[in-house]
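Below you'll find the structures, each written out as structure tokens.
In what comes next, chain A is part of two complexes: it sits with chain B in the first one and with chain C in the second one.
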Partner chain A sequence: MAFNILEPGLATSVQDQGRLGYYHVGIPQGGAMDQLSASMANALVGNAASDAVLECAYLGPKFTTDADTVIAITGAPVAIFVNGTAVEQWTRLPLTAGDEVSFGMLTGGTRYYIAVHGGIDVPSVLGSRSTYALGALGGLHGRTLAAGDTVPVGDGAGTPPRERRESIPDELRPAYAKDITVRVLPGLYDHRLTAHGMDTLVTASWTLTPVADRTGLRYAGPDVEWQPRTQPFGAGSDPSNIVDAGYAIGSIQVPGGKEPIVLHRDAVSGGGYAMVATVISADMDLVARSAPGTQTHFEPVTMDQALAARADAARIRRAVWV
Partner chain B sequence: MTPTTQHLRAARYTWGGDEFLFVEIAEAMSLTANFTANAMASALAARTVDGIVDICPANASLLVRFDPDVIPPGSLEELVRDIEHEVAQLSEQTLETRIVEVPVWYDDPYTGETVARFRKGHQRPEGTDLDFAAEENGLPSAAEFIRRHHSSPWLVSMVGFVAGLPFMFQIVPQEEQLEVPKYLSPRTDTPPLTVGHGGCFACVYSVRGAGGYQMFGIAAAPIFDPAQRLADFEDFMIFFKPGDIVKFKPVGEEEYRAIQAEVAAGTFTYRQAPVTFDLQRALDNPTTYNRDIMETLNGL
Partner chain C sequence: MADIVSPLPGIFYRKPGPDKDPYVNEGDPIEAGQTIGVVEIMKQFSEIRSDVSGTLESFSVEDTGTVNPGDVIATVSEN
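Entry: the complex of A and B
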């Protein structure tokens, strides 16, 4: 079976849990930006957590299904319509062949996910179905969806959707706050900031700018002070420059001391800007849910605290699959 | 002068969150630092340790992605420190690699069009990126800069930024390195296969997109082929690996078009030959050494 795309939405792409192991040649992990929401959508339709979903940013697609199926939509709060009638988010939605699904306006957050029983069945490239648009790799023809596309859906191994749960309980659904605290582990080149510069990074209220996509998110706020130095050979002239190095996913760079950038799942794999802290793995979904304008505080934590938060996040993820 | 031996201080270990270990081998770029990064990456890969997700050697550093649920950060650091020690003890610093001839149409009209499009806000709004690069290096002309660019080989010191983009470091003494500042503000567009330069690094842009390196010309053949159409891409969609040695070959329009036709017909292959890269020889006498390794291409 397949979805027929009538309108593609702003930047709708096929994503799964990502493509690990090719970052050393510049291919980022990719995958759903908000992994927890994507996983919840898969749980609702009886898929595996690793099945591919559609990630929608801001403006969703309009599509029809060519067969009876079950879908679920999770993530940023958005109005959903089946044949023009409003339906619920975070719940199983049975569809009949010919049904048309469309979306209204977002009322918070940035990205929402459409899972379908059987998963989106584009070919797996380097172990993943995720779209890496810059490299024209994975997903549907290596790009975001376009009007007229036919998006193949798997047969779910011939099994009916397992009724794991009808909907995601309120207490498990992520929040979409306008003011968030993101935990970061200072490190990498943090010694290159002045004490005042580091203090600014972890005490200021940063505003997410509209310059935010799958590669990275840029924040407005005060200048962050770098220590002046004689630059090492090959490092470039600005104190925020280093000899080009690998970029940790989630790392924060502050080019020229202005507007910190958090690299996300489609990160460029390296470059010449010093990183000074990294968003812990447990909070990457939280960053992904931010809408422009979100007030963001970076709270420094230790490695032990990061690992404890990671274990907590795993417990929440598992709870969905019980 | 380039020292005949270069001793690196102990590497600096730090964390990029709970999934990345970052090892800064040296603050400054050098062949020795890059050799160490790649040697450590190979040694770490050879151990096939559970929980290591990706090993990313860079110019003068190493980034290791790991799964802390499988290997605790402390154990990983201990392991990589062992490997650093092991690599420092190596008596022979050689790398089995290859030398590849990369045809480039320097100062071509395509690059010229892009260069012209981004003059506003450039360090040298009049003229071209090549004129600027020549001036910055105290060279009399763009033509002389181009000659220096292709007359000595380059070591692929890192692959990344975007899929398959090689960073290259010229195998010449530090005082002969071509150094050019990056654009003051990054461009929103760079055509694929543009030959760029920023700081002491050359690159070939593998995909279309943003970029900050000065632009000198266009490579004639693909370096990233997701469809794996050409024979050089049969095993993998990305052509370059860290440790590859690149010899740029200047071509004019006619040869550029002929190569493009071969690419379109699916018959193009890169001229390449196996070579053993010997760090000590490269440091001791780069001129003779470069002549020797470039000679291996000529027998083909």
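Entry: the complex of A and C
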């Protein structure tokens, strides 16, 4: 079976849990920006957590299904219509062949996810179906969806959707707050900031700008002060420059001391900006949910706290699959 | 009166390019489906169109202003 795309939306792409293991050769992990929401959509339609879904940013697609199936839409709050009739988010939605699915306006957040029983069945590339559009890799023809596309859906191994749960309970659904605290681990280059510069980073209220996509998110706020130094051979002339180094997903760079950038799942793997802190893995979904204008505070934590937060996040993910 | 609303967040531009004339000015007649500006988000420009014909009465957002989903960009008095 397949979905026929009538309108593609702004940047709708096939995503799964990502393409791990190739960052050292420049291919980012990719995958759904908000992994928890994508996983919840899969749980609702009886898929495995590793099945591919459609990730929609701001403007969703309009599509029809060519067979009876079950879908679920999770993530940023948005109006959903089946044949023009409003339906619920965070719940199983049975579709009949020929049904048309469309979306209204987003009322918070950035991305929402469409899971279908059987998963989106594009070829796996380097172990993942995720679209890395910058590299024209994975997904449907290595790009975001276009009008006229036929998006193949797997047969779910011929099994009917498992009755896992009808909808995601309110207490498990992520929030889409306009004011968030994101936990960060200082380093690797925090020593390049002055004490005042580090204090600014972790006490200021940063406003997410519209310059935010799968590669990274840029924040507006006060300038961050760097230690002056004689730049070593190979580093650029600005104090925020270093001799090129590998970047971590979630790392924060502050080019020129202005407007920090949090690298996200489609980030480049290295470059010459000092990374002053790194968003902990448990909070990467939270960053991904931020809409432009979100007030963001970076809270420093220790490695032990980061690992404890990761364990907590894993417990929430497991609860979805009960 | 009909409001033209932005369906997405981003930066609103009244002109197709820095050196170009605005798509439409206040007081101009406007056709249904006509573009009144673009919103930039994620390096993509989405055209904002009027659903109705009439006269563009006023813009509620400045050129290069920030918009959020649901924000009124302009108001049209219908013919």
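Going forward, the second predicted complex is superposed on the first by the 322 of 322 C-alpha atoms of A that agree within 3 Å, B and C clash if a C-alpha of one lies under 4 Å from a C-alpha of the other, contacts with A are read in each partner's own complex, and residues count from 1 in each chain.
Methods note: a residue touches a chain if its C-beta (ideal position, glycine included) is under 8 Å from a C-beta of that chain, and two chains touch if they have at least 3 such contacts.
Small disclaimer: the values here were computed from a predicted structure and weren't measured.
*Asks:* State whether chain B and chain C clash or fit side by side on chain A once the two structures are superposed.
*Replies:* fit
*Asks:* Kindly classify A:240 by the partners it touches after superposition: chain B alone (first), chain C alone (second), both, or neither?
*Replies:* A:240 contacts neither chain B nor chain C.
*Asks:* Applying the document's definition of touch, where does A:13 land relative to chain B and chain C: first, second, both, or neither?
*Replies:* In the superposition, A:13 touches no partner, neither chain B nor chain C.
*Asks:* In the superposed arrangement, does A:37 touch chain B (first), chain C (second), both or neither?
*Replies:* Touch partners of A:37: none, neither chain B nor chain C.
*Asks:* What is the contact status of A:248 with respect to chain B (first) and chain C (second): first, second, both, or neither?
*Replies:* Touch partner of A:248: chain B, not chain C.
*Asks:* Could you let me know whether more residues of chain A are touched by chain B or by chain C?
*Replies:* Result: the larger residue contact count on chain A belongs to B.
*Asks:* With the two structures laid over each other on chain A, which partner does A:278 touch: chain B (first), chain C (second), both, or neither?
*Replies:* First partner only.
*Asks:* After the superposition on A, what does A:89 contact: first (chain B), second (chain C), both or neither?
*Replies:* Once the two structures are laid over each other on A, A:89 reaches no partner at all.
*Asks:* Would you sort A:130 into first (chain B), second (chain C), both or neither based on which partner it touches?
*Replies:* neither
*Asks:* Report, please, how wide the angle is at the C-alpha centre of chain A between chain B and chain C, in steps of 10 degrees.
*Replies:* Result: 100 degrees at the vertex chain A.
*Asks:* Scan A:200 for contacts with chain B and chain C and give back first, second, both or neither.
*Replies:* In the superposed model, A:200 contacts neither chain B nor chain C.
*Asks:* Quote the smallest CA-to-CA distance from chain B to chain C in the superposed model, rounded to whole Å.
*Replies:* 10 Å.
*Asks:* Which residues of chain A touch chain B once you look at their complex with the stated criterion?
*Replies:* It is residues 20-27, 125, 132, 134-137, 142, 184-185, 187-188, 232-237, 241-251, 268-272, 275, 278-281, 303, 306-307, 310, 314 of chain A that touch chain B.
*Asks:* Provide the residue numbers of chain B that touch chain A in the complex, in ascending order.
*Replies:* For this pair, the touching residues of chain B are 14-20, 22, 24, 26-30, 41, 53-63, 65, 68-69, 73, 158-165, 167, 169, 174, 179, 181-182, 198-201, 206-207, 209, 224, 226, 237-238, 241.
*Asks:* Which residues of chain C touch chain A in the complex?
*Replies:* So the residues of chain C touching chain A come out as 5, 7-11, 40-44, 46, 66, 68-70.
*Asks:* Which bits of chain A are touching chain C when the two form their complex?
*Replies:* Touching chain C from chain A are residues 10-11, 57-59, 105-107, 210, 212-213, 291-293.
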